[in-house]
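Some structures are shown below for you to check.
One chain, chain A, appears in both complexes that follow, with chain B as partner in the first and chain C in the second.
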Partner chain A sequence: MSQHKYIIGTLSVPAMTDVLWEVREFVSNCAAKSGFDEQQTNYIVLAVDEICANIARHAKEKNASKEIIVSVSVEESQFVVTIEDNALPFNPLDVPSPNMVDYFRTFRNGGLGIHIVRTVMDNILYTPSASHSGYNALTLRKRLPVA
Partner chain B sequence: MSQNFEINRANKGNIDFIKIKGYLDAHTAQVLERTIEELVKDGRVKIVVNFRDLEYISSAGLGVFMVFIEEIRNGGGDIKLVELKPKVFTVFDLLGFPMLFDILQHEEEALHKFQTN
Partner chain C sequence: MKITSTMMEDILLLAIEGRVDTNTATEAEEAIIGTIDNGAARIAIDFSGLDYVSSAGLRVFLLAAKKLKKTGGQMSLFGMKPIIKEVFDMSGFSALFTIVNTRDEALTALK
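On to the complex of A and B.
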């Protein structure tokens, strides 16, 4: 069965936190163009920001040879963001989702980024670099709004 | 066009006011962290953070408040968060932060709570 895929755009940035704003602006434009309202657009932007921030941290900052490639497409009825990087493989899905009541009771810190991503996106798939041409890939999907 | 982050500080007696402006993400969160760290080191633990001009927050920004809240409350203080735009409040609310943090409409409410507790 063939799948219709429409590529909206691609952005490459160094794997550093000082360019996260560029990723946010790019994803925001793509999501708004695809019909998401402001709140859902903000959620998608936040999810991608969280993933890219994690990659930048694991790439050891200021190493400009590490890059992040963000590709946005529409496949069937889904908005799809694929985030590829050539930093060390790190599967954010290995981070368990915290119980927030316990989290606050024990004043914990960290680990919230991927929890946000799980909360706001419909589907997350991680493919480490060994099986993907030197680049790790994380694919986020969200159902397109009903027109 | 980049997305900047700015902090302005003021105080009234033993209460400190931090106004944050712009975009609070994994890059800029360290600026806020240093600011609160300096206050806590000086024993200043009654802190009001004004979000009126904050356009964006990610988990790195939320994390800054988690770093200090236990120490600040143990020291008899609190971090009160005021004037959050709906799009910023939504991020706090998504993770249940209103369970732990006092999120208020106006600075005056925060001031009143500090003065009466």
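On to the complex of A and C.
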């Protein structure tokens, strides 16, 4: 069975928090173009921002010369955002989602961003960098809205 | 991101504008938590100029609420654009705060 893949666009930015607004704008345009309403578009932008902010924070601690590549495509009936980076491998899916009541009571740091990503997206797949590429990849999928 | 503060009798009114994301959260935290450290006990935050909030920003408001709980203070949030309210709702944060529509309601909630 053939897999239909339509590439909407790719954006590459340095792994720094002060340029992530560019990613947000790019993903917002891609999601809106793919038929998501304003609310869902904003949610998708937020999910991607959470992932990129994580990468930028990790990259900053280790090395400032890292990059993030965001590719957006439509595959079958899925909106697919792939976020690649050449920082140290870090699987955000290893972070457990907080119970919000406990989160408020104990105020432990972390977990909120990935909780948002899990809430917004239908499927998340993390592939740590293989030695041949040096890039980690996180793929976020969300079913396209019914036209 | 910009925060302006005004005292209305004994209530501190903070107006937050722009974006509270990973890039600006530290600045927002210093400003808001700073007011609590300086003794503010009743705070109303005007969200009408806020265009974007990520988890880093939500964390700041949570931290403020926790601090106020410890000191016996109170906080109310008002004027959220739908795009911001939706993020509070989706993340489960709406249940943790007093969120109202208007400034009058926010001030009344603190009395």
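General remarks:
Rule of thumb we're sticking to: the second predicted complex is superposed on the first by the 140 of 147 C-alpha atoms of A that agree within 3 Å, B and C clash if a C-alpha of one lies under 4 Å from a C-alpha of the other, contacts with A are read in each partner's own complex, and residues count from 1 in each chain.
Methods note: contacts are C-beta pairs under 8 Å (C-beta built on N, C-alpha and C of every residue); 3 or more make two chains touch, one makes a residue touch a chain.
Computed from a predicted structure; not experimentally measured.
After superposition on chain A, the partners chain B and chain C collide with one another.
Once the two complexes are overlaid on the shared chain, A:Glu50 sits against chain B and chain C alike. The interface of chain A with chain B overlaps its interface with chain C at residues 17-18, 20-21, 24, 38-39, 42, 46, 49-50, 53, 56-57, 100, 104, 107, 109, 112-113, 115-116, 119-120. Residues 19, 21-23, 52, 54-56, 58-59, 62-63, 65-66, 82-83, 86-87, 90-93, 95-96 of chain C are the ones touching chain A in the complex.
The part of chain A that touches chain C in the complex is made up of residues 17-18, 20-21, 24, 38-39, 42-43, 46, 49-50, 53, 56-57, 100, 103-104, 107, 109, 112-113, 115-116, 119-120.
Those residues of chain A that touch chain B in the complex are listed here as 17-18, 20-21, 24-25, 38-39, 42, 46, 49-50, 53, 56-57, 100-101, 104, 107-110, 112-113, 115-116, 119-120. Across the complex, chain A is touched by residues 2-3, 23, 25-27, 56, 58-60, 62-63, 66-67, 69-70, 87, 90-91, 94-97, 99-100 of chain B.
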